[in-house]
Amino acid sequence: MASYIPSTRDERLEMLKTVGVESYRDLYRDVPQEMYLDRGLNIPAGLSELEVSRKVSAMAAKNRVFPTVLRGAGAYDHYIPSIVKYIPAKEEFLTAYTPYQAEMSQGILQSIFEYQTCICELTGMDVSNASVYDGATAAAEAAAMCRDRKRRVTLISGAAHPDTVNTVRTYCYGTGDELRIIPVKDGRTDLDALKEMLKPDVASVILQQPNFYGQFEEADAIGALAHGNGSLYIMSCNPMALAIMKTPRACGADIAVGEGQPLGMPLSYGGPYLGFMAATEKLMRKLPGRIVGETVDSRGERAYVLSLQAREQHIRREKASSNICSNQALCALTAGLYMAAMGPGGMAQAASQSMSKAHYLATELCKLPGVSLKYTGAYFHEFVTVLPKAEEVLSALEAQGILGGLPVGDGILWCATEKVSREELDRAVAIVKEVLGA
Amino acid sequence: MNYPVDLKYSKSHEWVRYEDGVAVIGISDYAQDALGDVVFVNLPAVGDEVTAGESFGDVESVKAVSDLISPVSGVVLEVNEELEDSPENLNGDPYGAWIIKVEQVTDEEELLDAAAYEAHCAEEG
Amino acid sequence: MKLIFEKSVPGRGMDYLPQCDVEAVALPAGLVRDVAPRLPELSETDISRHYTELNKNVHGVNCGFYPLGSCTMKYNPRIDEEMAALPGFTGVHPLAPAHTTAGCREVLDTARTLLCEITGMDDMTFQPAAGAHGEFTGVLLIKQYHEARGDSKRNKIIVPDSAHGTNPATAAMCGYTIVNIPSAPNGCVDLEALKKVLGEDTAGLMLTNPNTVGIFDENILEITRLVHEAGGLCYYDGANLNAVMGVVRPGDMGFDCIHLNLHKTFATPHGGGGPGSGAVGCKARLAAYLPGSAMMDGAGHIQVRSFAGNFLVVVKAMTYILSLGREGIPEAAQNAVLNANYLQAKIKGTFEPAFDRICMHEFVLDLSRFKKETGVSALDVAKTLIDYGMHPPTMYFPLIVHEALMLEPTETESRDTLDWAAEVFRKLYDLAHEDPAYMHDSPHNAQIGRPDEVRAARNPVLRWKG
């Protein structure tokens, strides 16, 4: 069995003596005998490192990793440069705690400050926090920021990611506030329906851009409607798209959030990912979570600290707007590193290649009999097809090492990224063609 | 510590001065000293109603936050917007740096005169 | 050091991608961003050196002693990292067909079985991403439970005044009114104070045991019994589970639900503030209210984040538990407690423990008398420790002890390290009496001097502007 306890048996006995007790049981003298676990735990005996490596590797081997991924729906298979995998594994970054002690944490603090700057650049917003758990919680926290005594209702587009909708709903349930879903028409948020829903009690409107179906929304118009009602406007954006797409700030957003996974994080069965959150300066003090600020030290040199802490739970307790303590620091470091490695040009390349390949795939698929696009609007790197024999198509693709699109309602939601080559796309289309007997 | 005699004080360390029926409200020297460097003041909006004994905003230092308790009930006539950019005025000149002015005063907490307030502060240590 | 943006040179950069091999498609005109984001433009050498320089300015558990109370900064085994980095885990799409993700589900099932046995719970979710997130989930279980029974008058959550700030903040996020109860002089729950506030409006009690001063509450069965009698449920904050895992189980103490900090107790690294995992366990009667993912599990559940949570963190924790096993888990707890008591005994005679008695995995020093004598504060001591290469203990927590320093050495420190740490504390105790001014100005040899936090908060500079 593996043990990470350095002290030897003899040392332990001497230490017990120093403490003035005879046995470990004496250390637990406050634990009532009736609950003391004399029977021991009913779990397997410990394993050596070699054994545990075999056992866990065997579990990993039971998963199927697809060389070609044409599925997104909130988790995207982008190329991750090698250096982006190596640096976050450095032991200091990996094993440090939250940088409470600025004098021995400048490296982490600066990495977060750089991340915050990148997020501001990407979104066009004034201020960013140090990240939250994921895109869904970022949307939920943003909605909470917008509620005040008079305005309690949150509106969210029905074309937002279902996990985001459900998470926002749960946070609203917590505080007893209402979430209303804006209907979807032809794969996009229905503006006429939204107009009807904008009542004086609406605190904020949440829109996802591009939305769950890959469609681009009329973000400017929706923002104008929200503001016309005196409500705040939250946009949840794909950060990869933002390399080339109009920023949430330019669309009028007060808060920009999103799932940061495309910024260098592997699929990993859903996590760890990263939620980014940025806002206008006016809302700075309502942002939840850690925020790093620049200042000077006692010698007048530039230094970084956790700042604006009076917003947070350890000071405000039940009056804090959120209970969040941690961020996803190592993921924020990874995202900052990814953006630096790719650079503005590389990010734009990855974004535009993803979009181009999705359009190529859509065009080729739609040449097949019975296959068509379900929605007519412009889209980024995801699209929904109506396709006969969907189940057979996906099985055939799977047999050839291709993770096909995700069944959504009566359609299939496909995704392509820069990582897939034209050859892979052609192969996928050929397999679909064969199943359809065309 | 300074306790001007022309002011009245609440036990929660706000001071009040009346100017033509309008209550001018700030925090005491004792309060600013206990808080340390004030870094931000959360102010109400003009027109908000405030209630005696209830919070109308808060002041933040680096490691603490403290509610501002209104000594009177009424309607906010004016807020000291200078404090948004210069919260340090509360440290430098607590009796000059008023926070809000309240009109249509209908109710007032039990307030102390300077001597009684000084004794109250001494008790709190 | 320079910011990465200050090292950027226009036109410099790497080409990680091949030329586009399909026809380029442009965004519709109205959707194009007007200016490119000002992201850094650097060579890979520049990037590698920049982050290596940053990494030198970080103190990790691998660098030295890290007795940060209530944070359980134990050694993070490297095999756990290696297992979590297996492509068989990192390459799995969360929405891949179930028959292709059997390994991931085996990890979650295995971790659930192990952790339910360790905590005495019946079911568990791994969706919450951190401790506070787990608290939110756990209190929502309590809320749903009462609602499902039509018990709508229960609107209060009881929290001891020694609790971490997340407890009251969580209860507020769940729509509850918070009732703070004072602690007894020994830092434990004051039973009389508890009885006074219990009633038909009690939704539940949030408690950590051992508590935040490092003492196991010997009245725990009485406490949970009283809450249950009043119709409330008991929530266990697992922040301090490292003291008792394998020795006593929260389920046997009478708790109904619990969150674990896999990144503390089960040795997964903190990563400078995350990602963690705040797994939530519960008794069978609450299992129906556990969260799910709309995409993975369908409708009808609460949900606290997307998909199944921080999966790779669960891989690490599971690997750790499988490594230690039946004997190793309690052994870790026992030695965490032994190390804390040993260090407390060695420091005694200089700095005073707030509670002079056998502690659990951590203990609190009360420096208020020391400060009166020397003028040197807990903060000054903490900052001077940095010059010795020791991460300071948790400062000014819990709030019920003034000038508090809270030390948690963990089981993965050797006696030599503890002896050295005690020696450093003794030195600082003497130094404070001889040269307090030196300590007011500490640290002297760190990455930076004390930062001006007032300036940071008054004039926030939260991004590079160029």
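Read from first to last, the chains carry the letters A, B and C; within each, the first residue is number 1.
FYI, a residue touches a chain if its C-beta (ideal position, glycine included) is under 8 Å from a C-beta of that chain, and two chains touch if they have at least 3 such contacts.
Please read these numbers as outputs of a predicted model, since none were measured by experiment.
When each chain is reduced to the mean of its CA atoms, the one lying nearest the mean of all protein CA atoms is C.
When every chain is reduced to the mean of its CA atoms, the largest separation from chain C belongs to B.
Centroids built from CA atoms put chain B at 43 Å from chain A.
Per-chain Cα centroids separate chain A from chain C by 20 Å. Inter-chain spacing, taken between the CA centroids of chain B and chain C, is 37 Å.
Touching of two or more other chains is recorded for residues 453, 457 of chain C. In chain A, the residues that reach two or more other chains under the touch definition are 309-310, 315-316, 319. Within chain B, contacts with two or more other chains are made by residues 39-40, 60, 62-63.
Of all the residues in chain B, the ones that touch chain A in their complex are 39-40, 42, 60-65. Residues 396, 453-454, 457-458 of chain C are the ones touching chain B in the complex.
The touching residues of chain A, counted against chain B in their complex, run 285, 309-310, 315-316, 319.
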